[in-house]
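This is the structure I have questions about; it appears just below.
Chain IDs A, B and C follow the sequence of writing; residue 1 opens each chain.
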Amino acid sequence: MRSYFFRVTLALALLLVFPLCALAQKEIVVWHGYRGGEKEAFEKVVDNFNKANAGKIKVTTLAVPYDAFADKITAAVPRGKGPDVFIFAQDRLGGWIAAGNTVEPLDFFLDPAIKGRYLKATLDAMTYQGTIYGLPLNFKVITLIYNKKLVPAPPKTTAELETMAKKFTNAQAGRFGLVYWYSDFYYHAALMNGFGGGVFLGRKPTVNSAQNVASLNYLLTWINQGFMPAEPSTALITSLFNQGKAAMVFSGPWFLGEIDKGIEYGLAPLPTISEAGNKPMRPWITVEGVYVAAPSKNKDAAYEFAKYLTDVPAAKVMALEGRQTPANKGVYADPAVANDPILKAFRQQVDVAVPMPNLPEMSMVWSPVTTAMNVIAKKAATPKAAMDQAQKEVVERINNLLKK
Amino acid sequence: MAAQAQLVSHRRRFLIGLALAALLGAWLGAALLAGSQQAERRDRAERRALVTLSSLTAVLDRTSGGSTQEAAPTETAQAPAASPGTEGGMGLGAEIAAAEQGQAPTSADARGEAVRKAVERFAAAHPEVGAIRVVEFEGILLAASTAPSDRGAKAAPRRLERDEKPLYDLGQRLRAAVEGNRQGAEGAARQPEIGVARQPNGVLILTAPVERGGEVIGMVQMETRAVPEPAAFAWLPFLAAWLAPVLGLLLLSFALGEKRWLLAGAAALVLILDLFLYGRYALQVLAAERRASTQAVAAQIGEESKKAETLLADLSLSPNKPAGQPLAPTLWDVDLFRQSRGLIDASGAPSEGRLGELAGADAGRMTRSVAVLALVSLALLAFVGLGWAVRTGTALVEYRVAYAYTLPASLGMLVLVFFPFFYGIALSFTNANIYNTDKSIFETFVGLQNYIDIITDFHVAHRTAEGLVWDYHNFYYTFLFTVIWTVCNVAIGVSLGLLLALILNLRGFALKPIYRVLLILPWATPNYITSLIFKGMFHSQFGVINQILEMLGGHAVAWFNRPFTSFLAVLTTNGWLSFPFMMVISLGALQSIPADLYEAARVDGASRWQQFRSITLPSLKPALVPAIILSVIWTFNQFNVIYLVSAGEPGGSTEILITQSYKLAFEQYRYGYAAAYSAIIFLILLAYGTWQNKVTGATEAIG
Amino acid sequence: MRPNRSEEPAHWPLHIFVLLMVLITVYPILWVVTIAFSGGQSLAITNVPANATFGERLRAIVPWPAHVSATNFVSLFRDQPFARWLLNSVVVAGMTTILGVALACTAAYAFSRFRFPGRRVGLMAFLVSQMFPGTLMLIPLFIILVQWLKLGSTFTGLVLIYTVTAIPFCVWMMKGYFDTIPKELEESALIDGASQATIFFRIILPLAKPAVAVTALFSFMTGWNEFIQAATFMNREDMYTGPVGLRFFVGGFSQQWGYFAAGSIVAAIPVMALFLFLQKYLVSGLTAGAVKG
C-alpha cells in the first residue's frame, strides 16, 4: 500500500517537473545521410552535444538514404514538415535557395572568428550569391592514390606520371599505369580547372572555353598513349587496383574503403601539369554543409548545434572515427589528425581545389557534358566540336527556364 | 399521360437548370470582378507607397556626398578577388581584418549622422508613413530608425539583434537579386529588387536596397498605412445577370412550347448572351479602376517630388547626385524590379498609350475568363436541363449495392491517385520551374504553350555530311523508340511467360514446383541490383556477355556505343525482369479452363494446336487481356531499367518518354514542361487503352 | 482417366527448354549471390587477359567468389537494424496484401456481376490511373498524406498508398477471372435461398483462388519493393522498411554492393516463401465437377 502511494506521489512529482523541463528544453531534429562508421561517429558527437547541453537542447537524428534524401528535403522542408538541421553536399544548395523557404542564410550569425575557422574553399562552397547558407562540415576531393609496391615514389608532374604509367602498362596482361574514370566530367574537372577552365563565368556557361578544350585535347594524348583502360567504370577501377593491375588511381576518400586489405597504398597530391606551365591539377571539391532549415522554430539552437558540429572537438571525432576529412582547419593541428597520412593528403590537395559550382544551372550541365565526354573518349568527335555542342545545349536549357 | 408529364418537366428542368447555371456564372463572374477590383485597389495603394519609397531612397542616395566614403566599399570589394589563397583558408581571416581597417570611422559616423537626420525629416514630412529603418550590411548595423521601439538603449546606430535577423536576411536577398539581375539574363530568372510584405492590419512594409558606388551596401525599410478603399459588391448587376436570363427563357418558353432541343438551344443562347454582356460591363468597371489608379499615382508623384525638394533644401543637400543626376520623379512609379512602369509620361500625366495597351490586355483576359465561365455554366445547364442530374440521382439509389461494393476502392483511388493526377495536369498548363515555385498557378499559366512546343517540334532528324542523323532528344524520336521498346518487351514477356506457363501446367510434368520457384526469381529479387548486374554483364571489356562471345570465337561488342545494341541490352534486361510476372498470371488464368473441355475436344479429334487456338486462348482472354494492357502501360513507363542500364546511351538514343520527362523535371527544372510531357504520355496511353478495350471488349460484363 | 499417352508430347525436349530458361534466369542471380558471399563490396566484373586460355575464360564467367565469406550477411544485420526493417516491410506488405485483396475482390465482383451506370467508366478509371507517369507525383502525395491526412510516419499511410497502387491491377485481374466463373452457379444458389454474402464467400471466392493468389502476390510485391515513398514519408529510423535499409548502401560517391547483394537475397526469401505458400492455390483449378454441378 505504501509503495502504491509512493508511486503516485512520484508520478505526480514527475508530472509537475516534466513539463517544466520540456518547456526549457528545445528539441532539434537533424537529418543526415550517414551509415556505418560515419554514422557511429556522428551519433557520438550528437551524444556529446546532448550531454553538454542537457536540459537546454536535445538533438535527435534521422538517417536518410542518399537516393531519397534530396527529394525528401524538397518535399518536406518548405512545408514545415522537415528537420531543424540537415546535412547535404553543396550541389543542391542553389536549387533549394531558388525554390525558397528551405535553407536559412547564416551570415547574420557568423562573426569573423567563426568564418575564419574553415578552409576557404569549403566556405566558398557554402556561399551562394554572396551569402553563406551553411557551415561546412567536411569535404571530398580526388587525389592520387597509388600502389606502393608498383610505384616507389609518386609522380610530381604529369610528365613523370606519363613515363611511369607507360612503363607499367601491359594491355595484353590487363595491366594499366593509370586508371581513373576519365570519361566522367567530375573526374575530368581536375585537368579542366588545372588548365584554367571552368563551367561558369559568373552565371554564364563556358563549357566550350578554349581552356576546357585544351584540357580535353590533353586528355586525348593520355588516351592515345594507351596507359589507361577503355570504358572505365568504378567497378573496373576497384577491381584492377585490388588485383595489383593498376599502378595509380585518381579517386577520392570513397575509394579507400573499397581497397582490399592486402594492397599497400599511398596518397599524394595530383601532379602538376607539365603542358600547362606546371600549374597544379585542380580537382573539384564537394562539401557537406550543415544547414539550418528555414521553417525551423528553433533556429538559434539549430545554429548552436551546427557550430558545435563543425568545431574542433567534433571534427576530430568525425575525422578519426568517422573517417571524414573535416572542413575545420584547426583540427589539422591536432597531432592525431596531423599524423594521419590519409587526412594529411586530402588536406594538402584541398589547397588547390575548386568548389564544384552550387548554382542550380549546374544540373543542366551534367547531361550534355556527359554525352560530350563519352563522345570524346570514344573519339567520335573532336573535343572542340563535342564541347561546342554541349555548350549549345546548356545555353538552350538555361534559356528555356526564362521563357514565359 | 406519361408523355405529358415528361413534356412539362422539360420546361421546368431547363428553367431550373438555367437559374442554377446563371447563378453560378453570375456569382463566379461577380466574384472575379470584385477580386480584380480589390487587387487593382491594393495595387494602387502599393504603387503610391512605392512612389514614397522611391522618394525616400532618392533622398538617402543624396546623403552620402563626398569622395572618401565612396572609396571604402570599393577597396573591400576588391579584397576577396585578390588571392585564391593557396595557403588554404589563411586568406579569409586576413581579408576580414583588412576590410575592417579599410573603413574610415570618422566619415562613416558623419555619414550615419546625415542618414539619421534625413530619415527623421522624411518621417516628419510624411505622417502616413510609420517606422523607417535603414540597415547597413557592414557590421550588421541599424544605421537609422524612427520606430518607437528603437529609442533609448536601442537607438540607432547599433548592431541588429538576433530577433531582427529576418530584416538583415531580407536585405541580403535584395542585394543578391540586384547583383543577379545585373549579371544579365543568361543566368537565373529576374528576381524582385523590392520587398513587399502586407500585414493583416493593412500596414504595408516595403524594403529597398541602398546602393553606393554601384554596390548594394544596405537597405531601407518603410512601413506605411496603405489600406485600399474597399470595393462594394455590386448587387444590382449581379442580380440582373442572374435573373434576366431566367426571365427571358420563361418568356421564350411560352413561344417555344415543349420542344426539348429548341429549349436547350434557347437556354444556352440566353446564358451566353448574358455572360457576354456581364463581361462587357466588368471590362468597363476595370478600365475605370485602372485609370483612377494611375491618376492617383500621378498626383502622389507631384506631391512627393515637392516634398523631396523641400527636404533636400532643408538638409542643404544638392538634388543632384554626386554623379550629377537630378531627381527624376516621373520614374518613381516603379515595379518590383525597380523599373519604371511607363504609365506616367515625362510631363507627369498618365500615359494614354500605355493605358490603352493595358486595357487591350485586360480585354483579352476577360474574353478567356468569360469563355471558361460559359463552359462551366453550360455544363451545369446541360446536366440539369437535359435530365442527367435526375438520372444520376436515380441510378445512385437503384444500383446502391454495386456502388457500395466499389466505393472503398474508388475512394482510395480518388484521394491518392486522382488528386495528384489533376495536380499534374494543372501543372502542365504552367511554365512552373525552379525559379517560380512560390508563384500561384494563375501567375505562371501559359495555356497550351508547353503542349504546342512539344508537339510542333519536328526536328526529328537532320542531314549532315555522313547522312541522316536522328535528333535523339526530339519528342517524336523518343516516342517512336518508346513504342518499339514497349511492343518488343511485351511480346517477349507474354510469349515467354505464356509458353512457360503452358509447359508448367502440363499434367505429369516432372519437377514443376521447383521450376516455378526458380523462374520467378527475377521478380522476387530487387530489380535495382539485378539491373546493375546486367549493366555489368554488357560491359565491353569486362562483361560476361562479351567473354562468352569471345569464347565462342566471336568479337566483343561495345554494347552501349550504338543505339541498336544498346537497345538489345535494355531489352534483354527488361525481358528477363518481366517474363516471370506474365508466367504467374498465365498460370493463374490457365486454371480457369475446365479440363473436360479438352477431353471433349480430344474425343472430337482436335489437334493440339486446334485445342490451343479454340480452347486455351479464348479461355485465357479475360485474365490475360487486362494483364497485357497493364503491362503495356507499365513497360511504356518503365523507368528503372533504362535509367540504370543504358542511361539513354549513346547520346540519349535509348531514352524513353518517361526518362525524358524525369530529366526535364529534375535536371532542367522545367516542372511545367515535364508535366506536359507526362500528360502527353498519359494521352497516348489513354488512346491505346480505349482502342484496346474496344477491340477486346475487356470492360464488357459477361452475358 | 489418364489421357492417351501417345497424344502427349515427349517431355524431355521441354525439359531442355525449361532448363535453359532456368539457367538464363538464375545466372544473373548467381552473380548477386557471388557478390554477397565475396566478402567484398564491388560489383563483380570478369577480368581476364586478352590472350587468356579457355580455362581462364571459363573460370571468369562462372559466378563463384574468389573466397567465400559470410561477413556481408553478418554486417548487414549487425551494423543496422536490418531485421527490424524487414519486419516492418512484412507488416506493411502484409497489410497491403490483405487490404488490396479485400478491396479488389469486392470492387471486381461488382464490376463483373452487376450492370450499373458508370461501370465501364469506373473500370477505365482504374486503368487510367496507371497511365499518368509518377515522376512529379511525390510532392502532391506528400501534401495529401502528410499535410492533409496527417499520416506521415505511420504504417497506415504507407499501406494506403501501396494498396491504391496495387488495386487497379488487382481489380482488373479479379474481374477477368470472375468473368470466367459461370453465372449459373450463383443463380442456382440464389434459388436455394443463399444470401449475396454467402454466394460471394462460399462459392465465388473459393473458385477464384488462383486469381486471389496472383493478386495477393502482386499486392505483396508492391509493398515489398517500394523505396522512395517509404523513405520520404517515414521520419523515424525504426519505421523504415527493408528497401529503405537496402538503399543506405548506395551512396552519392560509393556503393557497398556486397551488403546490397546480401540484403537483396535476404529480401527475396520472404517473397519466395510466399510464392511457395501460394503455389498450391495458384494451380488449384476449377475441377470440372464443381463447375457443372
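Criterion: a contact is a pair of C-beta atoms (placed from the backbone, for glycine too) under 8 Å apart; a residue touches a chain by one contact, two chains touch by 3 or more.
As the structure is a prediction and not an experimental result, all values here were calculated from the model.
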Based on Cα centres, what is the most central chain? B
A-B or B-C, whichever has more C-beta pairs in contact: B-C
Return the distance between the CA-based centres of chain B and chain C, expressed in whole Å. 34
Quick one: report the Å distance separating chain A from chain B, using the average Cα coordinate of each chain. 31
Give the residues of chain A touching no fewer than two other chains, as numbers and ranges. 235-236, 239
Where chain C touches two or more other chains at once, by residue number: 43-45, 47-48, 227, 247, 250
Where does chain B touch two or more other chains at once, residue-wise? 536, 539, 542, 666
Spell out the residues on chain A that touch chain C in their complex, using ranges where they run on. 33, 35-36, 62-68, 71-72, 74-76, 79, 81, 89, 140, 171-174, 234-236, 238-240, 242-243, 245, 252-255, 257-258, 260
Write out the stretch or stretches of chain B touching chain C in their complex. 391-392, 395, 398-399, 401-403, 405-406, 408-410, 412-413, 415-421, 423-424, 427, 496, 500, 503-511, 513, 515-530, 532-534, 536-537, 539, 542-544, 547-548, 550-551, 576, 580, 584-585, 587-596, 599, 602, 608, 619, 622-627, 629-630, 633-634, 637, 639, 657-658, 661-662, 665-666, 671, 674-675, 678-679, 681-682, 685-686, 689-690, 693, 698-699, 701-702
Which of the residues in chain C come into contact with chain A in the complex? 40-45, 47-51, 79-80, 138-139, 142-143, 146-147, 152, 227-228, 231-232, 235-237, 244, 247-255
Tell me, which parts of chain B touch chain A in their complex? 85-93, 96-97, 140, 160, 162, 165, 168-169, 172-173, 175-176, 179-180, 183-189, 431, 433-435, 437-438, 446, 536, 539-542, 558, 561, 649-652, 663, 666-670, 673
Using the touch definition up top, name the residues of chain C that touch chain B in the complex. 3-4, 7-9, 11, 14-15, 17-18, 21-22, 24-26, 28-29, 31-32, 43-48, 54, 57-58, 60-61, 103-104, 106-107, 109-120, 122-137, 140-141, 144-145, 149, 160-161, 163-164, 167-169, 171-173, 175-177, 179-181, 183, 196, 210-211, 213-214, 217, 221, 225, 227, 243, 246-247, 250, 257, 260-261, 264-265, 267-268, 271-272, 275-276, 279, 282-288, 291-292
